[in-house]
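I have placed the structure first, in the form of structure tokens, so that the comments after it can refer back to it.
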Amino acid sequence: MTIPVTIDKVDVTLGPNHVLKQVCLDVKAGEFVTLLGASGSGKSTLLNVIAGLQKVDTGHVLFNGENVEKRAPQDRNVGVVFQSYALFPHMTIGDNVSFPLLAAKRPVKERKAVAAEMLELVQLGGMADRMPASLSGGQRQRVALARAIASNPGVLLLDEPMAALDKQLREHMQVEIKRIQERVGITTIAVTHDQTEAFTMSDRVAIMHQGCFVQIDAPQELYRKPVNEYVAKFLGEANLFGTADGVLLGQPGTQGSQGTAVIRPEDLQPLHDGETARVSIEATVSLVSFQGERYRVEARAADGTTVISTMPSNSDMSRLAVGSLMEFGCRQPERMHVIVPQDSSAVVVEEPVAA
Amino acid sequence: MTIPVTIDKVDVTLGPNHVLKQVCLDVKAGEFVTLLGASGSGKSTLLNVIAGLQKVDTGHVLFNGENVEKRAPQDRNVGVVFQSYALFPHMTIGDNVSFPLLAAKRPVKERKAVAAEMLELVQLGGMADRMPASLSGGQRQRVALARAIASNPGVLLLDEPMAALDKQLREHMQVEIKRIQERVGITTIAVTHDQTEAFTMSDRVAIMHQGCFVQIDAPQELYRKPVNEYVAKFLGEANLFGTADGVLLGQPGTQGSQGTAVIRPEDLQPLHDGETARVSIEATVSLVSFQGERYRVEARAADGTTVISTMPSNSDMSRLAVGSLMEFGCRQPERMHVIVPQDSSAVVVEEPVAA
Amino acid sequence: MKPTRTQTEKRWLLWPPIVFFAIALGAPIAMLIIQAFESGGSAFGEMFAMNAFTAALLRTLVMAVIVTLLTMLVGALYGLGIWAAPSWLSMVLVAFLMLSLWTSIVVRTVGWMLIEIPRGALFWLLNTLGLTDEPIELYQTAIAMYPAMVAVMLPFVVLPVMTAMSGIDKEQLNAAVIFGAGPTLVLRSVILPALKPSLISGGVLVFVMSLGFYVTPLLLGGPSNLTVSGVINLQINTTNRPDLGAAMSLLLVGATVVIYLIADKLFKVSEKWG
Amino acid sequence: MRTMTGALGLYRVPIFAVSVLAGLMLFVPFLVLVATSWTSGSLLLFPPQGFSLRWYEQVLQDPKWMDPFFLSLGVSGVATVIAVIFGTLGALAVTRLSQRSARIVRTLFIVPIALPPVAYAIGLYGMNLELGFLRGTLVTLILGEALIALPYVFVLVSAATGKLDPNLRNAAVTMGAPWTLVLRRVELPLLLPNILAGAIFAFSIVFDEVVLSVFLLPPGVVTLPMKMLSASTEAFSPALTATSTMVSLLALIVLALFAWFSQASARRTRKAASK
Amino acid sequence: GVAAVTVALVGCSSATGGDSSGSEGGEVVWADYGGPTNESRQIAYFDGFEEETGIKVISASLSDAIMAKMLEGGEGDYDLIQVSSDSLIKYKDNIVALPDSATKSDTLPEGIRDYAIGGFLIGIAQGWITDTYPDGGPQDWADFFDTKKFPGKRAWPGSPGSYDASFELALLADGVAQEDLYPLDLDRATAKLDSIRGDLVFYESYPEVQTLLSTGSASIAVSVTGQFTALINQGLDVTVQWNEAFLSPNFFVVPAKAKNPENAFEIAEWLTDGERQAVFTERTFYGPANEVTFDFLENSTAKRLPGGPGNDGSIYFDEQFRADNLDELVGRYTDWLAG
């Protein structure tokens, strides 16, 4: 079962905090949408609203076009994976996974069968009798996932499902979750504040900032064409320059600028001697660090702007000694994105963006 | 003040666990060495040994060539940043930072001055009167760092200093810590299980596995020339193939192999039509994910080997639809590293590697 | 994430205990009020005119303060002792605590009496050791009653202190030591701050409970240590003035509740305890 | 861990000294009482005269002691059950209330600790007289003792509810479990150790309660503490201390078994975790 | 489950409390202070009575508050309450007199005799372990106050209600003649008491006297004589000074609101039997309330009883005065104790 979910102008106030402000979101059936935002931006709150764990002040939540406002969490048929997994520590893995069926008063036999099937799906077949405490973090994570989809819910909600895992495992699980989600075909809304995670798993990513959606788009679009500086900076590193007619003017907002140019570090390369680029800036290398698959170069322009460039790990770094003055340029000007001022005002005015 | 640190055949047993096995490490004065390893590999234990918080069974710790075995933690003059920061919650930031001077019974005036200076160093000038609870994670982290260096210690120890920060902040603080360490010039030993962190900050990285050092080397060397498969896999993704005379043989250890070839995903690219490479493998694309600055492509070879390739985000991905059969090749064969079997045995036999 | 609340479950969880309180606490208090006003409310004036009562009131307050301070001090040290001692010793200390908790207070008081009377167990010990021949002048002095009262109250401080100690952040302790703090500074900067909330909430409880002391001070401290509870007992059992007794009881209940509420406001006692 | 205790340095000396002294303060009266109970004489004396177990024998054979003991077990048992039910319900309710009302309820639940027993007993006795049908029953006594014991259950259970991951509830709820199922299958099992600890504490309080018994016991019915009290108003007999010793030891054995069981189950969990 | 247990417990209470209430004999609730005295009554009187009449005697632990309420005319569970003479005088209005046909306690004064059931005489005297004063101990209360002549601590009633004979004996010691004792000069008495306060060790309940004396913690005790008797029964050599000892008749009365007055009067008759009283007296050493009892007692026993032959120096309280001034006596004594 899979259903479309619509969030319509939802407002939530918790104590003194206006946590969600006129939030709108349309999720198609079977789509994977990730809410990405800094801590405190209201992601978990929105998820709770969808699950029915949090009342809304105004606005509606529609499942399959039907208003579910009146439905208790028990009756919404959503599956949730919590950040801490929230496995029941006193129950076996099998009992954990089949808990939704226990709640639905299904017979023991069916419960056993579904638990076994779900555990098979998350590649934990045969572990039904173990206790959660005896599992590794990644295994617990998978149990939580199995439990969330055991009752065949219409919507799957994931609240920072990978936050407790270490990096290696996290990257593995991202691919894993995406794979399972595609197999089951369930509408999924996830929360994270890790952009790689959001990009890897999602069909679309919704950037949240202080209770508003700033931009909702496919990962490439978001990365390449951020609507404002906040999004640009939030999604990986970015070089931001004031710009007028395709000419860099130094820092954003400097005199005469008509917009802000966003150039990703991998698109801003030190130019070879004599090479020119339409868009370029001169800066002194201040820090070079090796990061495995790439080098990261930090340089400082005369006006104090910091310039960041990343280069593949097979690059020749001998020219880039700290202290050397280099010309950094964008070789493919089409990869430079210009944010025009009226767009960029979105951050300041906190105007909601409908999906 | 900065001093060299030598760890000489240290053995530690905790309860039933042989936690450190004949560990040796030489850290030069002013050097930044990171201990990198999976959870439970003994990193924290080694740090505690250096700090004097953990007794050794056999072996010695030398500061500046002098055995410090008999010295209590108080007398070792080390600065430590703890994973949880361990700030004193009821003291102001200033009092926290000047705590080592309070312990040394220095006059109030000096304490105030040092606190101010240190907070300036970590860019928290003027916040001396705030309480820890009112700071953000990154700020607390910096306070902990300021406190650790306030007494001008000979050695700085960092136990997963960034584990509690979110990704954006973590990346920022990595650069920050490196910068401060270089400014102060203090010998630093850090612990982490995040390889990017280790690479970004360290002069050398020591890979720990089950209480032994597997490899101690500069970041580039480690990444490019891992001594065994464990290291290769631990430091980012790697394609591992059995190899004989520069010819790939499928999975490592396959018949006739003379060693294991390590090819990093960024060095294994889909070849253009008609293009050939000395080292290449045919595989079917199974997953393409956009990760911001790069695309990650997973493909499956006929013999089941998984092939991973990453490509810059400005690549043309149209050829790489899921299901298409591609030839992946390493264009610069010098970037392929071959682990010969006798090296690779290090993991199995758990033979310690001296620095 | 905020826990979900539904009205039904709140109702089912909250109302049964509230009804229970109404019956088991409300009704008796109502009875006390009725009894106190049986003589038209004159009991309230009369009790303050009564010398023995006002003196006992003052005496009880002073006694409760002393017991509280002593118990907090000893309790903090005892809790620290349990935490810092080798495991066999801390097991013994905990066992002593439990043993004493499970011995009737009346019987324990008798035990103290047997120790403290002029030729009691203490005299026997000292005499056997050849230290004294003279009967010991300890029984029915202030020094004789405080140890017994502190012993009765000790668990109420030690138990929360033990919880607090087990929750001490080991990294903080390590940090203090690494940065060169001596024992004094470690105590001041890490241990005491961690202890303080539990110590205070334990202290408030001890104070409130100490206001109800009766037999122990009277027996071990002598008849000059008549407490409010003693005076109330007197009204009810001897002079047959239940209205006075009820009025005094109401005052005692009211005062303890008010004291508790103030302390709760200041120190969040019930949060520490619940 | 060397720094744990090492950090206290020389302060360990006064700390241990006071702890040991305080420990003796708790233990010596008990020891003296025990010693008096094995006397072969019939006076409550220390040092005891000779050694015999005759008082134990007598108590164990005398229905005048054993009946009250069993009655006390019953009364304390029922009162404890009531206190455990309402204390646990209250502790659970508090987690579902807004902060303001939680404060009020929490205070209400702890107030009985501050209740002077004499005053409360008089109030209950008045209620007993007023409501004729209660006379001659143990209802008011049990109610009253349950109320006195309730705060301890509440406090101990609250300590655990505070540490309970609220997402466990949320998880169960989103999986369609009605709140009763959540209570039964998720919350109560997890709170069980603390509920048991609360029950033990409550039982110890009630079992020793005597002030209420004086007023509320129907004629001819005697609880153990009441029997001990009356045994000490006319004569101090070693039967008194023999009984008290046996009760303490019994309690200690029960506690030790409880601790052993909970440790064993913790060990099992740990073993499972390391598997 | 809980309800079931509760019901079971309630049931059990009424089982022990009065399952026979509906059957032929009925019951009677006897309220005294328990302990060995109650046991002795059980043996001397109740066992036989229950067998004979089928009426069950339920011994209750006497609660002062309940007693007070019933003596004031209130409701309560007791059918027979132990009181002292002054209480009887004070609350006579709410006490049911014995039927005319009943056998009365002939040693008791007129006004009391008609109400008293199962009477016994309590003595308040000084006593000591004979060895303490080999040359003979204190002869009167003046000696008691003479700490030079008779060194050592004195055990003294310290609970606020138990003023016992304190004022009277202080006045006697201060030189007031027996016949001038009443009305008591409380100021003079407390002044005299003050003079010895430092040598007193207080007891809260009577049995402490045994401990204080037998350990040697106190040299002399002022107490009800039953405590000395108990020590003697343990095999200790205790001297009781009957000279200037105070005597107080105690007995049981039927309060107005008693539920089983008939049964109470039936047992009252049973209690007057001299032979049974002798059994009780031999066990407790309280003085008997009927002359006839002495016929059944050994002379050696009789001499050790309050009001027994040879103990002529003893004095009866002025119960009327004590009844009239109860509040003041308690108040003054409490104030003095609280000092």
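By written order: A, B, C, D and E. Residues from 1 in each chain.
Going forward, contacts are C-beta pairs under 8 Å (C-beta built on N, C-alpha and C of every residue); 3 or more make two chains touch, one makes a residue touch a chain.
Computed from a prediction, not measured in an experiment: that's the story for all the values here.
Highest inter-chain contact count (C-beta pairs) belongs to C-D.
Look at the CA centroids: the one farthest from the centroid of chain A belongs to E.
Note: centroid distance chain B to chain E, computed from Cα atoms, is 88 Å. Centre-to-centre separation between chain C and chain D, using Cα means, comes to 16 Å.
Chain D and chain E have Cα centroids lying 37 Å from one another. Annotation for chain C: residues touching 2 or more other chains are 1-2, 4, 6, 114, 120, 174, 176-177, 181-182, 190, 236, 242.
Residues of chain E in contact with two or more other chains: 63, 65, 69, 208, 211, 215. Annotation for chain B: residues touching 2 or more other chains are 53, 73. Every residue of chain C that touches chain E in the complex is listed here, in rising order: 51-52, 55-56, 113-114, 117-120, 135, 139-140, 215, 218-219, 222-224, 226, 230, 234, 236-240, 242. Residues 48, 51-53, 72-80, 82-84, 86, 88-91, 99-100, 102-104, 130-131, 133-134, 147, 151, 157 of chain A are the ones that touch chain D when the two sit in their complex. Chain E meets chain D in the complex at residues 2, 5-6, 8-10, 12-14, 16-18, 29, 31, 33-38, 58-61, 63, 65-66, 69, 74-78, 205-208, 210-211, 214-215, 230-231, 234.
Residues of chain A that touch chain B in their complex: 38-39, 166-168, 175, 178-179, 193-196, 199-200, 219-220, 223-224, 234-236, 264-267, 287, 289-294, 296, 298, 310, 312-314, 332, 335. Against chain D, in their complex, chain C makes its touches with residues 1-6, 8-10, 13-14, 16-17, 20-21, 23-25, 27-32, 34-35, 74, 77-78, 80-85, 89, 92-93, 95-108, 110-112, 114-115, 120-121, 124, 147-148, 150-151, 154, 163, 170, 173-174, 176-177, 181-184, 186-187, 190-191, 205, 208-209, 211-212, 214, 228-229, 232-233, 236, 242, 245-246, 248-250, 252-253, 256-257, 259-261, 264, 269-271, 273-274.
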